[in-house]
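Following: one structure in structure tokens, then a few remarks.
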Amino acid sequence: MDAVSRIGARGKRQAFWIEAAIVGAIALFLIIVMPVVLSNFRLNLLGRFLSLAIVALGIDLIWGYTGLLSLGHGIFFALGGYAISMHIKLEDADGGLPDFMSLYGGTELPWFWEPFYSFPFATFAVVTIPALLAGVLGYLVFRNRIKGVYFSILTQAATIVFFNFFNGQQKLFNGTNGLTNFQTLLGASVNTQSTQFVFYSLTIILLVGAYALCRWLTSGRFGRLLMAIRDDESRVRFSGYNPTEFKVLVFAVSGALAGIAGAMYTLQSGSVSPRLMDVAFSIEMVIWVAIGGRGTLVGAILGALLVNYARSFLSEQFAEIWLFFQGALFLIVVTVLPDGIVGWLKSQGIQSLRGRKQAFTYPSLEEDPEIQQERQELETKSSE
Amino acid sequence: MIKKFNRRKFLVYGSATFGTSLLLKACANDETTTTTSATNASSPTATGASGGGDTIRVGILHSLSGTMAISEQSVVDAEQLAIEEINNAGGVLGKRIEAIVEDGASNWDTFREKATKLIDQDRVVAVFGCWTSASRKNVLPVFEQKDHMLWYPVQYEGQECSRNIFYTGAAPNQQIEPSVDWLLQNKGTDFFLVGSDYVFPRTANTIIKAQVAEKGGRVLGEDYLPLGNTEVTPIITKIRQALPNGGVIYNTLNGDSNVAFFKQLQGAGLTPDRYPSMSVSIAEEEVRAIGADYLEGHYAAWNYFQTVETPENQRFVQAFRQKYGQDRVTNDPMEAAYIAVYLWKQAVEKAGTAEDLAKVRAAAYGQTLNAPEGTVTMQPNHHISKVVRIGQVRNDGMFEIVNSTDSAVEPIPWNQFVKETKGYACDWSDPNKGGRFKAA
Amino acid sequence: MLIGLFDGLFNGISIGAVLLIAALGLAIVFGLMGVINLAHGELMMLGAYTTFVVQNAFRQFGEPFFEIYIFFALIAAFFVTAGVGLILERGVIRYLYGRPLETLLATWGVSLILQQFVRSVNWVLVIGLAVFCVLFFGGLWILNHRQNRAFHKWAIAALLPLSLGIAIAVGRFLADTYQLAVTRPWFGAQNVDVSAPTWLRGGLPLGNFQLPYARLFIIALTIVCVAGLYYFLQRSPWGLRIRAVTQNRSMSSCLGIPTQKVDALTFALGSGLAGVAGCAISYLGSVGPNTGQNYIVDTFMVVVVGGVGKLVGTIVAALAIGTVNYLVGSGTLAILFTPIQPLADFFTFFATTSMAKVMVFALIIAFLQVRPGGIFPQKGRTVDA
Amino acid sequence: MQKILEIEDVTVSFDGFKALNDLNFNLDVGELRVLIGPNGAGKTTFLDVITGKTKPTKGRVLFKGRNLRSLSEHQIARLGIGRKFQTPRVYLNLTPRENLELTSNRKKNVWSTLVGKPKNAERNSVAGLLETIGLSSRADIPAGLLSHGEKQRLEIGMLVAQSPDLLLVDEPVAGLTDEETENIGDLLLALAESHSILVIEHDMEFVRQIARKVTVLHQGSVLCEGNIDQVQNDPKVIEVYLGQPMDDSDTAHSLELEASGSEL
């Protein structure tokens, strides 16, 4: 960050274009090359992991930048999935009742299913329902200055509550089984290769969009304010900002991203069920971000991909190991790698960068004994 | 200097991570591989190289981790026992069966992912798997799209009849309905329904309510517990309020809640002489986990109990104990999984091929097997006809069989108590009928 | 009617007592260190498994001894989980003070490992781990006591794979030699059965109702635990230190209180209480790898509602949540409001166990709107808002 | 003269303990006032009440004639009260420039923070401020790397950037060298030209440097008010601080000692 501001406005613009070009190139690579290289099964896996990367971005925004550890993003993720699935189920039912309702004794369509006949409404709902819920929940919590561990536990409890609710409503949401067996979306069969490829490409485009959004939010004054809230919230308050508004907004954006991710994931996995609101799944999302490096957007994406591939690989090879491995990941990332992989690389990179640059930018700094001492202290602290 | 130091540190910790997981892997893996190799030196492990000419690959897809591992692990054991027995007896069509075991991790998405993997990557010819309805519902589209074959070994709520699934557990009419009849005749007419909060108990209770009403009984209350919930005091209060002078408790709870329910039922003084309960998810393994002290005198309805007296069952129990330890018990889903493998083998042998699934399917209809539970027959509706038994828990944790149907009961997958499916049936042997047709 | 009321009250209290005994350890740890231990449920599970082991041991001694095994089980459960807690604190948590969110994640990791551990623990795993620990940590100890630290890091890097390799080799060797005897899981993935001694089964008849002995026992145990904890905190020198550190960590440290020891002790105490709770709940519910997961969120809610200030907060919160849960879930409220139709309908809708949880959560959120800090928040001038 | 701050009969009690007890206090527009008092006199609670962090149990606080009771911290800050904390609180992960930019932002609602770009005028004023507090050369390294004194200066800079009418400054020179202390003193005096300032301080040398009028707090209420010499010779004050009378220089010295022990 500081490297960027040092370069100046022209350099900034240049850096922006370079970054845009890299992101674009990676996206094109994923869309064009990957389908050729990977089997359909693996491509579908990649597509799903990429949609998980979108929710990881959302979590990074709320946790990495704003310092609020949400253990409830599974709710928003699942809601996004439910929203799009409800539309598909209605389209499949072709004017009648979705199959599960009639099988288990439902006789009429619940009122809130009605609007989901419309595809635009369903896509709108994918974003707004999670965002609204996050906003309301966030407002109720943040306005009382509940934060830190309290916030985490409350979101976790919310996950359980939503799980129970969706799980228990057999006639409304098909309970435990969730919505599955999708046939068509906008007239196209969802299970064909070409449709799945469209979903895959759409996921990548949305991921790029999400990345751009987060990039915009986290750079500039807004992003700095988020970090200020993370570091010292009451100071922010005494500076005349109302942190509640900012936190609610960020939580809502984060929830919306989770909703989008959930919808894309559901389209590619072919089902949505209350399992997505499982407590463990929501915490797992956090570990993706932690592994990749919180406070860095690339880290969130990378972490989501890495951990999910590790899971897929490990559980294929040795089922019992996965929990041990996952537990170890949690422990290691907080004790040894608190900044995640990207954070670690970055600190190494910047150290070498500064080492060279300071030689001519701030010669006085290098010689200042106070600075030397501070640095030493910092290092001993970080190596503890 | 600083940089070097940190990189080294990273290397150290990195290798520590990797090493630790390797250690854990080695230890935990030891257990699984050795238990297989101990009794079956030549049994192929999960990751064989290629299908080859002399092996037939099948998939086993159950939860080995997560909440459902409690139940599904022993089903995997039974399936592997059957495969091993078949291999030792010369295999199928002269080929050895190679089982590829995948972990569904109690997560429906994972089930779907692993099903796709088994079919597409591993190219198995059949999959034995799933326990919960949710996992089956999630893999069903995969099997239908790829026109593949799943053998499902657990009693379930019905309302399904897929061309690509063979159901070797009980349909509702092979477990619930006979048990309700028996209760009405022998134990009273006032019912309270308790269930876990998901599709099977809710569907089961719809059936029970309709059936009880039809036959002159009364259902005086029902309640559902979230899966895993162990605070059952409110339910016990409700039972006491609804049935102050005793009555029948019909229990469709699943998993951990059962333990809490029976322990606290006894504590509250609701004993089986006044409040007999009929369970459909409690088999020998569950009795062991709850403790026979708490369950003695209560009833369960299944098609198979370990105490069934058939020569086939004695063989089955003995073989299972020899392979997995003398203290292990067998139960209905394990038996259903065990016979699923044998039924598949018979179908393959009749069809003369394992790869042509349409032929295997056609050959499966009408296959009979002298199973541990008695003679079973695969019906054209992909369910099997089986005897229904009612057992009472003894103090040694086994069931005293107090009632069994005279002959095998034909399976009815479509629910005859729900308006939408009343009068429907399923017959895959006739292309004009298919999965859901209006029976004459 | 009076007896019905008494019954409702009793049931509410008995649910609350379970919540309280489960939340007690969590609350003192949270109060002292601001750390929420997500592995608390798994510590309870370990306590329950300890009960299982003790029960099996006593079963061999025969009747009269079996009747009293529960007291030994309580003590054993306390010490086993306290030991595990101590290892946890010394090994992980003490590096994470001041970073509560990271602690949250780390303890979740621990809970995953513990869950899988009880599933797959067998002699091979235990011996392999023991060999590894002896080799690796022994090697580390030797390395740290040598003056020459030039190759320190590299020595560790070499030591790790070496001790790993030996541990794996030993494990393999054992597995091949003794086979099923050492590779069989001790507990397995299935639930295990814990039976109460006969005097804890059944209940005390009271009119139409019956007060289960197991419930009465848990209420008594909870009272004993709370009283003991209160006495320990208020009257013992270590209790005084714990309270001092809870109030002002840095000042206590300046005054020569060994805060590290206090932390370790408190964590061990909290974990030990989890073990006792685990022993208690094994008479109500299942004992299996997932046992802990069934309780954690409810106990967290107790801590949130109770606030960190006082033990009284935890007690009141547990009893309140228990009672409300019971009244809503059992439909008592719905019956109570029968004269007022809309209210009765409203409560009937929530009168299932699932929906009662939804309602309790809504009530907790509403409560936090009025008292964000819980029933008894920490008051006074704090450095941070 | 017009009052910028009026505090009337304010009581704050925590569980029965009265941190402030029927406190009455007035501050004129443009005044520089120093508040002293022994530990536990309620100095910081006093600031908490003004800035809205703590709500008075009884009584009211008027700022420019407006009651602050129903307002929350950020609203009070927007009205024009700025606060510097006892220990410097700057955003350690942001650079001094970013720190100042954040506080100097005029429109502090979500939307304009999100889309608004810092104006050139604002940028220039930030650059000027950096110059004033002597941090131009370190404007772009993370504030966490600054020394204690620099952080103190940065925080005062942030306070100024906020351009409040009333500055509340809590122990601005704690832990600083003599030279830095004098710098801060000059800075405060310069600011006093255009702002009303309330300083809490223990360092009597420093108080002597800047103070025109001193208020002594004791047990939550005002003990006495007056210029520095009056206060230091007031027998009540000496008794409160020391329990027995002493001469001037020793008093100052002891007060300083006491101050260094009061860091939390």
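Should a chain be cited, it is by its letter among A, B, C and D, assigned in written order, with residues numbered from 1 in that chain.
The criterion applied here is as follows: a residue touches a chain if its C-beta (ideal position, glycine included) is under 8 Å from a C-beta of that chain, and two chains touch if they have at least 3 such contacts.
Since we're looking at a predicted model, the values are computed, not measured.
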Check your understanding: Common contacts of chain C and chain D?
Key -> A
Review point. Within the chain touch network, how many edges lie on the shortest path between chain B and chain D?
Key: 2
Revision key, fill the gap. Most contact pairs found between chains B-C
Exercise for review: List the centre-to-centre spacing of chain A and chain B in whole Å, with centres computed as mean CA coordinates.
Suggested key: 36
Study note, to complete from the structure: So, in whole Å, the Cα centroid of chain A is separated from that of chain D by 42
**Study point:** Chain centre separation (chain A, chain C; CA means) in Å
**Key:** 31
**Study point:** Residue list for chain A, restricted to those that touch at least two other chains
**Key:** 164, 167-168, 234, 237, 320, 323-324, 328
**Study point:** Residues of chain B engaged with two or more neighbouring chains
**Key:** 9, 20, 24, 28, 64-65, 197, 224, 226
Revision key, fill the gap. Going by residue number, chain C touches two or more other chains at 116, 119-120, 293, 352, 354, 357, 385
Review point. Across the complex, what residues on chain C touch chain B?
Key: 7-8, 11, 14-15, 18, 116, 119-120, 122, 124-125, 128-129, 132, 153-154, 156-157, 160-161, 164, 167-168, 171-172, 175-176, 179-180, 183-185, 188-196, 201-203, 205, 208-210, 212-215, 281, 283-291, 293-295, 325-326, 329-332, 352-354, 356-357
Check your understanding: Can you list the residues on chain D that touch chain A in the complex?
Key -> 51, 53, 72-75, 77-78, 82-83, 85, 89-95, 97-98, 101-103, 105, 108-110, 113-114, 116, 118, 137-138, 140-142, 144-145, 147, 158, 162
Revision key, fill the gap. Counting only contacts in the complex, chain B reaches chain A at residues 2-3, 6-7, 9-10, 13, 17, 20-21, 24-25, 28-29, 32, 47, 64-65, 101-103, 105, 107-110, 112-113, 116-117, 120-121, 132-134, 137-138, 140-142, 145, 159, 197-199, 202-203, 206, 224, 226-227, 415, 418-421
Practice item. Give every residue of chain B touching chain C within the complex, in rising order. Key: 8-9, 11-12, 15-16, 19-20, 22-24, 26-28, 30-31, 34-35, 38, 64-65, 67, 69-70, 73-74, 197, 223-226, 228-231, 233-235, 237-238, 240-241, 244, 255-256, 258-260, 263-264, 266-269, 285, 288-291, 293-294, 325
Point to revise | Touching residues on chain A, where the partner in the complex is chain B | key: 39-41, 44-45, 102-105, 163-164, 167-168, 170, 174-178, 180-182, 191, 269-271, 273, 275-276, 278, 312, 315-325, 328, 332, 336-337, 344, 348, 351-352, 379, 383
